[in-house]
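Down below are the structures I want you to see.
In the two complexes that follow, chain A is the common piece, with chain B as its partner first and chain C second.
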Partner chain A sequence: MPIQCNNIGCKKSAILKRPKTSDKICKECFFQSFETEIHDTIVKNNLFHPGEKVAIAASGGKDSTVLAYILKLLNDRYNYNLNLFLLSVDEGITGYRDDSLETVKKNRDDYDIPLKILSYEELYGWSMDNIVKQVGRKNNCTFCGVFRRQALDRGAAILEADCLVTGHNADDIAETILMNILRGDISRLSRCTSIITMGENSIPRCKPLKYAYEKEIVMYAYFKKLHYFSTECIYSPEAYRGYVRSFLKNLEKIRPSAIIDIIYSGENISIRDDIVLPNRGICKKCGFISSQNICKACMLLEGLNRGLPKLGISKRHKRCKFWLEQCKHILICPQGSKMTSLGRTQHMIQIKESLFNSFL
Partner chain B sequence: MCSILEEDFMYEKSTISQELCKNIDVLCKKCLDNIAMIKLQKKHHYCKDCFVNIITHKFRATLGKTKLIKPDDKVLIAFTGNQSSITLLHLLKLGVNEQIHKRFKFHPVILFIDESIFWPKEKRMVDLPKIMKALKNSGFKYYITKLSSIYDNYTFQDINDVNDISCLKENESDNKLLSLFHNIQSDTSKTDFLLRLRYQIQFKIARILNYNKIFTAENTTDLSIRVLSNISLGRGLQVSFDVAVCDQKIPDIYLIRPLREITSKEIVFYNVFNKIESLAVPSIFPMMVYNSLQHETELFVYQLQEEFPSTVYSVFHIGEKLKTYAVKENMCHWCHNPILLDTSGVTCLKESMVHIMSKYNWDKPDDKDDEEITNKNFALPSLLQRIPGYENAKQRDIAEWINGEIKKDTHCGNCISNRMTQKLKQSLCYGCQHILDDMKSLDYLPIGILHETVAEFQANELRKEIEDFLL
Partner chain C sequence: MSKICLSNSFPLTVQFGGGAELLFNNTKKHDVILPQKENPWTLRLLIAWLKENLLTEKPELFVQGESVRPGILVLVNDQDWELIGELDYELKENDNVLFISTLHGG
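This part shows the complex of A and B:
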């Protein structure tokens, strides 16, 4: 016997169980509640203001496809009065990105939203394929991630957008919270949950799908028959994140509300007042947001261009050692061999910074 | 790197012997003299003596840093019988018998809470006598009580009289406790509730015996698991309390964790080197909890720890860097942690989720689940009657209140009791609300827990009435 939809007023038979609440409901009621929840998230957090230009970071995957579809839908339904754009980054990964860009182009035609594509090639002079040839398969995700973050900022600046929206879903946020705890990264832990991030003179970013479960997004795309691209990147995914992901999936299996509970915990965490967090400033070289003097993207790029790809990814003391060896001939150690190891490290850092300044 | 689970001691021995062989010709990092016996965190090699010294030092340093223990203090030691608590006893015994200038000047007294009603019968027969032997051999004075004593009104004399496990006969309270846990539907909530209940009993007994300091034997590994599982239970706000050296949720009692800087691996090595016999007591009750978030987290941490040996420390230190709230007014009545009244994020989401559902959801179809929900709601008034003093002054107030509610809301009978549950919910923190949601019925809730809720509820109601006249 078919189960009746839990929402009374609707006489249809239920065809799905909502992953978030375990309610058995019909297709229409699911659409209704999913969309309304995202609408509520947008309204209650004041994500947008009328007349704004909003750039949607589109990868062609399920999250960004559903995000683009739903923003278009809500914009029409509730008269947000937004000017929507799709913004894609072409990392230059053959067999992965070129296919997914086709999906984005199809989205552009289907939803009638203009699209802007930026490539690593034109921004940095390096495609991911070339980077992998240089650095090997091990740390290439660092390059891709760092470059993409900045590429999106640059793209949004080119489009003169007021706001950049990304398709991070509840699972992603919960995963990031757990990752930051496991790595002991307190400063990221405190800011990874905010739904809207703003820098001094950078474009605000927001995550309207913050409370939407990954499973529900897939379900939504499936029932709405949305086209999305679902192949994993051909360069290996991050191993550590893999552990955390499967842990989170196990938790969700035991108690579906666990994901929301983790986000709740993350939102309520506050750091002791006496702990100093790194300041977020601006990169001296490119002017984009950075927590260091010179941002990670510039550092990585410098490394690539000088044929020293390990420059940005190895640990600080190793980097210092490396610099020390590079410039042995100009190095005059003031105290000679009597220096303590701490003094030596500080000396090395000084040298490194002066070297970097000479590059600028 | 060996992963040591407290449960199986056989496994430990094999891994330890493997590890011992591997490091046969490495010198100890500390004394640079002896051959190292163990390797910690994949890189630190120590010989037996240096290692034992380090552990003893860590323990004494942790205690010293608190600056809370004064000479002639009486301290209650919460003993559970697991590896860490045996280590704690051993360390205390050493400290009390030290040379005069290093000797501990406080007086430890052991409190053993018997949780054996959750164990299988054969295990009870074998392990309880072992624990009794350990208690008698420890050389300290000890008290014994049962988990179900949360229902009983003990006096100092009652607890003092019990000096052997055989004195604790099965009684009605045991059945109540079993029914209470039977009513909790998910393993996660069972485990969580047991943890909170343990604290409640420790506090209760400490008050009866007039102690204001309790030592618990939680180690770094336990605490980092606690941090992670609390995060996934929505108890993020409480993380800092859970790892603090001194947990002062309750103003009159200090809960101190002297083993918090020692990992479970170090504890096992310490016990092996000192030839301390393991009692093989399960850390939590065995058969029921395998489908819980806490157990999953435990497995995850142990698994990750094998590959990345700094995991436990990173997680533990995150807990240390978080703020401790000192909200006196809004305390959860079950776990004594602060309740946050926020209007952002998830709270909002929950509201809107309910909102969407209720648009369509005036009446629910009659199926089995809902029947249970209804029963649960109706259980509350009967529960109120069990509270002492209810018959007198409070009865009239509550009865009036209920009548008032009925008049206000004639829509459906459920709504009144629904609102009562709602009120109870408001006095709980986000994490404890989950436990309440998982309970089929509130019938066997200990009165102590409820009493505060009702008292507070009364106070609030009264306050509302006179609110207009308050300046």
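This part shows the complex of A and C:
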């Protein structure tokens, strides 16, 4: 038996229970509220200014697909007067990105937004496959982590964008707040809730879906029949971030407002004056944010260019070391084919998580 | 799973999306025939049945307790299961049950 939409005056039958409000609403009212809330977020936080060139970080996944669709729609509906384009990075790892890049190309055609795919060759002068040839399989994870972290910021700079938008949603932000609390990472904690942050190279990054629940993003994509890419199916329940995510999802099940409540808490935590935060300096070579004089990426590049690829790897980052052990280069080397599909998936997730952390 | 369509069988369409299909032989749409029984088929019973009969990989990524893992959305005939009683919903013949994972693919 149909349930009537909670919106006053609407006689249609409800298709969705909204997690934020518990409202039961019909498809049309859902579209309308979801889109309007994102518009309100954009306006209230002054995310964009007329005439700006806005790079949408596009992975082909659900969040960036919904983000691209909605930004295009709002730009037309409310005359933001933005020059939107999709930005993707192709690491040049044979076989890795093909499906997701196909999805991004489909986004380009479906939503009529120009697409720029930048290769590592264009960003750094070295493709991942070539790096592997130079340094061997043992060390390539160091490169892939460091290079990935800067890739979107670099791309946005090369294409002279005024702003880079990413598809991080409310669940992602809440998860990151919890992660930073659990790790005692005060400087990340204070940064990760901001809707606008300075990218590693002073091009602002912003997150228009910051208050949008994952459930609604997926429902929106489903009911709008937006096509997205999802082989990287499911978090491994064992991984640390996986636990946090499960914990959050379990909380949401009991009390759906938990996600927005955590974001509210995160936004309102203030850091005592006597806490010294690590200095975020600037790389002397490329101007990206770096705690050292020369950033990791420049260090590695210099090594590659001088034919001394080990330069910069010696003091290996903990996280990279972790990858090395975990992944055994399954994506890059032919041994990869021996992995099960789930093993491969988990590897991609690890890479993505680390990438993800560095965004926030 | 028997494909023979007996008069006392219970046909249903079960679909998977958002990555959940990877746990079900990488197939998005399954026409299933549930055995007829005295008590009504509920979503609770369907989830248990899917785990035993259709799931091919990693049950812990799909099932948690007697329900699906939180983060997997369930729609029956394009309606959010949170509107219709979740696990207690009584299935009707030819219902279309869709499980969408939200857990990855950002």
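The rule is simple: the second predicted complex is superposed on the first by the 250 of 360 C-alpha atoms of A that agree within 3 Å, B and C clash if a C-alpha of one lies under 4 Å from a C-alpha of the other, contacts with A are read in each partner's own complex, and residues count from 1 in each chain.
Quick note on the criterion: a contact is a pair of C-beta atoms (placed from the backbone, for glycine too) under 8 Å apart; a residue touches a chain by one contact, two chains touch by 3 or more.
In this text the structure is predicted, and so the values were computed from the model without any measurement.
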Touching partner for A:37 - first (chain B), second (chain C), both, neither: first
First (chain B), second (chain C), both or neither touched by A:123: neither
Partner chain(s) touched by A:196 [first = chain B, second = chain C, both, neither]: neither
First (chain B), second (chain C), both or neither touched by A:62: second
Touching partner for A:115 - first (chain B), second (chain C), both, neither: neither
Chain B versus chain C as contact partner of A:157, first or second or both or neither: neither
Contacts of A:184 with chain B and chain C, given as first, second, both or neither: first
Partner chain in contact with A:21 - chain B first, chain C second, else both or neither: first
Partner chain in contact with A:73 - chain B first, chain C second, else both or neither: neither
Shared chain A contacts, counted only where both chain B and chain C touch the same residue: 250
Chain A residues touching chain C - in the complex, by the definition given at the top: 3, 14-17, 24, 59, 61-64, 167-169, 171-172, 214-215, 217-219, 222-223, 228-235, 237, 245-246, 249-250, 252-253, 341-342, 345, 349, 352, 356
Interfacial residue positions of chain A with respect to chain B in the complex: 4, 6-10, 20-21, 23, 29, 32-33, 36-37, 40-41, 44-45, 177-178, 181-184, 186, 189, 193, 195, 211, 240, 243, 247, 250-251, 254-255, 257-258, 260-273, 275
Residue numbers on chain B that touch chain A, as the complex places them: 186-188, 227-228, 230-237, 239-240, 291-293, 296-297, 300, 303-304, 308, 310-311, 313-315, 317-318, 321-324, 340, 342, 344-349, 352-353, 356-357, 359-365, 430, 434
Complex contacts: residues of chain C adjacent to chain A: 17-20, 22-23, 57-58, 60-61, 69-71, 73, 75, 78-80, 82-83, 100-106
